[in-house]
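Below is one structure, written out as structure tokens, with a few remarks after it.
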Amino acid sequence: MLSSAAGVLFDGFAYGMLSVGLSVTLGMMNFVNLAHCSFAMVGAYATMTLVGNWGWPFLATLPVAFIDAAVVALILERIFFRRLYRASDLDQCLLTIGIVFISIAAYAWFYTTEQQSVRIPDWLQGSWHAGALAFAHYRVFLIVFGLAITALLIFGIERTRWGAQVRAAVDNQRMARGLGIDVDRAFMFTFALGGGLAGLGGALSIQMVGLDPTFALTYLVYVLIVVAIGGLGSIGGSFVAAIVLGISDMAGKYYFPWLGAFLIYLVMVGLLMWRPLGLFGKR
Amino acid sequence: MLSTRKLNKRFGSLVVAQDIDLSLPRGVRYALIGPNGAGKTTLINLITGLLAPDSGAIFLGEEQITALKPHQRVRRGLARTFQINTLFPHLSALESVTLAVLERDGNAHNWWKGLPSFASAADEAFAILESLHLQASVGKETRELAYGQQRLLEIALALATRPRVLLLDEPGAGVPKDESAALFAAVEGLSRELTVLFIEHDMDVVFRFASRILVMAGGRLLVEGTPAEIADNEQVREIYLGSRRRAA
Amino acid sequence: MHFQGLTRWRPLEVVFWLCTLLPFVLTPSYLSLASQIAITALFALSLDLILGYAGIVSLGHAAFFGFGAYTAGLIAKHYWTEPLSALLIAGLSAGILGYALSHIVVRFRHLALIMLTMGFGLLLAEAANSAHAITGGADGLQGFRVPGVLGFRFDMFGRTAYAFALAVLFLCFLICRRIIHSPFGLALRGIRENATRMPAIGAPSQAHLRKAYTIAAVMAGLAGAVLTQTTSTVSLETLSFGRSADVLVILILGGAGRLYGGILGAVIYMVARDQFSGVSPQYWYFWIGLVLVAVVMFLPNGILGGLNAFYKKAQ
């Protein structure tokens, strides 16, 4: 019983890692970026190709995954997204869904629709055993990594000048410009960061959920739920929400398998009704 | 006609309304003045129900309306305009005012009969727009109207509800001096039966249209009186002219 | 005097509806596709009522479509196969579901609203999946056949099916048209244009929205029921998030808030999909994605909106 509870907790945390990047664009920039999962796919396929075809060690591919996804995000931001920062939620949803569809088609074309996997280093495989509990090495790694990134993000946003500039720009563009802040660059950089983190999350998640071109769409729903509950405008919030959801999902599947994903949706609907702005939302 | 009793509201440590006691009899024109941040618009929001007070009561006539929703208060005769134009961009002026008339008469739920069969509502809407000299623009979409005309449309919408009490939030806001003549002619032309409260910063306007003045500062109602009394009031001078007076 | 000519039928409209009869003679081998288009058009029309006119963004509208579909299927399977009465019951029950949900839905805006509607849709889909004793689960509801309507048989040529679907579409269209030109329609537009102003003119916005949501649910349920009755099968897909997303894309493509946008979008989308899906599903995703991006960036009011703007400029 207890070991499965721990397993549930771990998987929950791991889901949280996938969405940390989304909380940057959605949380900081108030932009509904459903294409987040496409950026995740960019990173994931980059890692897979480097490990599988070029024999790179897994960990070494992570920075590349980050950069790849960040560059793609940057390009898309320059061409499309920057025109929609003040558009309606619906328009942002639709545009980014369109990008998701295009990315699915593109990746299916180049990589076929087969499931892919990566070879992770030996020391990340297996698990520690403490009595009846089993802690999978990979999941521990994910959690530590995710916590570190979140801490870095929160620090960066609250304590650095960059963070202050972006927060100011999101709050009031005109005022920020008047203060001499290069709003365009701040947004561009932040979006790239969000995309890069998505790529990182994607690369890290292959081990857990596999990889094929529909990855972007399948996990879209989950990621979006996380942010809607965690709230716009809060990085810590999406993190907590991801954990709550991951745990509910795992708990549902483990303890009430006949309910399926019912539990997640129920939790989401309930939480949203109680707090429409998300648990920590500031918008 | 409109009265409040010990209205209180705070946001955390910020007190926006403190023990507000108001009593506005029928047919009198009040101006509500005070420095920025005094809580004037907040008071209107509290009275109209957009904001819920922490404590206190609001009365329209004999009836207590504190628990009523905003649209219910409007149905009982309490109307307001907004400081920033809050209009229907893609509806024409005529459609907007007709909608207000239809809502007032309780006909807006009707989905079976076409608009053309509600001629009396449209005619009344037209008449209201005509009284504000907007008849030439009735077919134009609201977003195509000039700013001054939009301010007038704000008032038209409020008038269409046939209010007993009308709260105007800076009716002339943003309208340049030479265009505001039409606006204030409209305010002047308002029925003498109507209780009017308007927020205003321009003292000329205040002294011209108001028969009584309320002064607010820091969330509190400081003083009430006739224009002459207020002009002589030490406290009011302090609030508005404070530093200059000391320098003199 | 005012608003005169508002409800008059424009010649283009008459032409359009006459054209809907063309498939009977011009493309008789495509009649089953034509029925699908008519059904989807009705579904999109129902979404237009809440999205295009009232401004409620719903990512879960398939809940009512599927609910109507399953209701009609269950009636045909366990009770009787007469379609018209089942159609009415299906529509009504979808309406009851819509009315119940509307009490929650109308209290929310923006992202929370989008998420909530999506959540309700997902919940219903999951429930249907789990309750496979009733719904047949992932295999769908099978083992029944609706032979025909009013004495006409549903045969493999699809003539009766198309006639049936077209008739239901037209009837609902007439109702929508009436709504839009009525005081209620004006009120809905008012809510969409400025939700803050509505209470300030004495409008009970939430009551209006509940009514619109319920009517839209009824129509979506009718569309689902027609699908069931013309195909004699129901699948979980009718409740899926995919279907909710599809109808949203269709409506945006055609142009929301313009009465005909959903119909136009349905025609274009379904014909294109029919042509492309033969090639490969990837192709389809790619083009739909491209269209979506193009519509949002360049044609925010959909095709009808673009045509309207073009027409205005040309004058």
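We just call them A, B and C in the order they show up, numbering each chain from 1.
Just so it is clear, a contact is a pair of C-beta atoms (placed from the backbone, for glycine too) under 8 Å apart; a residue touches a chain by one contact, two chains touch by 3 or more.
Quantities reported herein were computed from a predicted structural model and do not represent experimental measurements.
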Centre-most chain [mean C-alpha coordinates]: C
Most distant chain from chain C by Cα centroid: B
Distance from the mean Cα position of chain C to that of chain A, given in whole angstrom: 33
For chain A paired with chain B, centre-to-centre distance based on mean C-alpha positions, whole Å: 48
Chain centre separation in whole Å, for chain C relative to chain B (CA means): 42
Where chain A touches two or more other chains at once, by residue number: none
Chain C - residues contacting chain A, complex: 57, 104, 108, 110-112, 114-116, 118-120, 122-123, 126-127, 129-130, 241, 245, 248-249, 252, 282-283, 285-286, 288-293, 295-297, 300
For the chain B and chain C complex, residues of the former touching the latter: 48-49, 69-71, 74-75, 79-80, 82, 86-91, 94-96, 98-100, 102-104, 107-116, 118-119, 121-123, 125-126, 138, 157-158, 160-161
Residues of chain C touching chain B in the complex: 1-4, 6-7, 178-179, 181-187, 189-190, 193-194, 196-205, 207-208, 211, 215
Complex contact set, residues of chain A against chain C: 32, 80, 83-84, 87, 89-91, 93-95, 97-106, 108-109, 113, 221, 224-225, 228, 232, 258-262, 265-266, 268-269, 272-273, 276-278
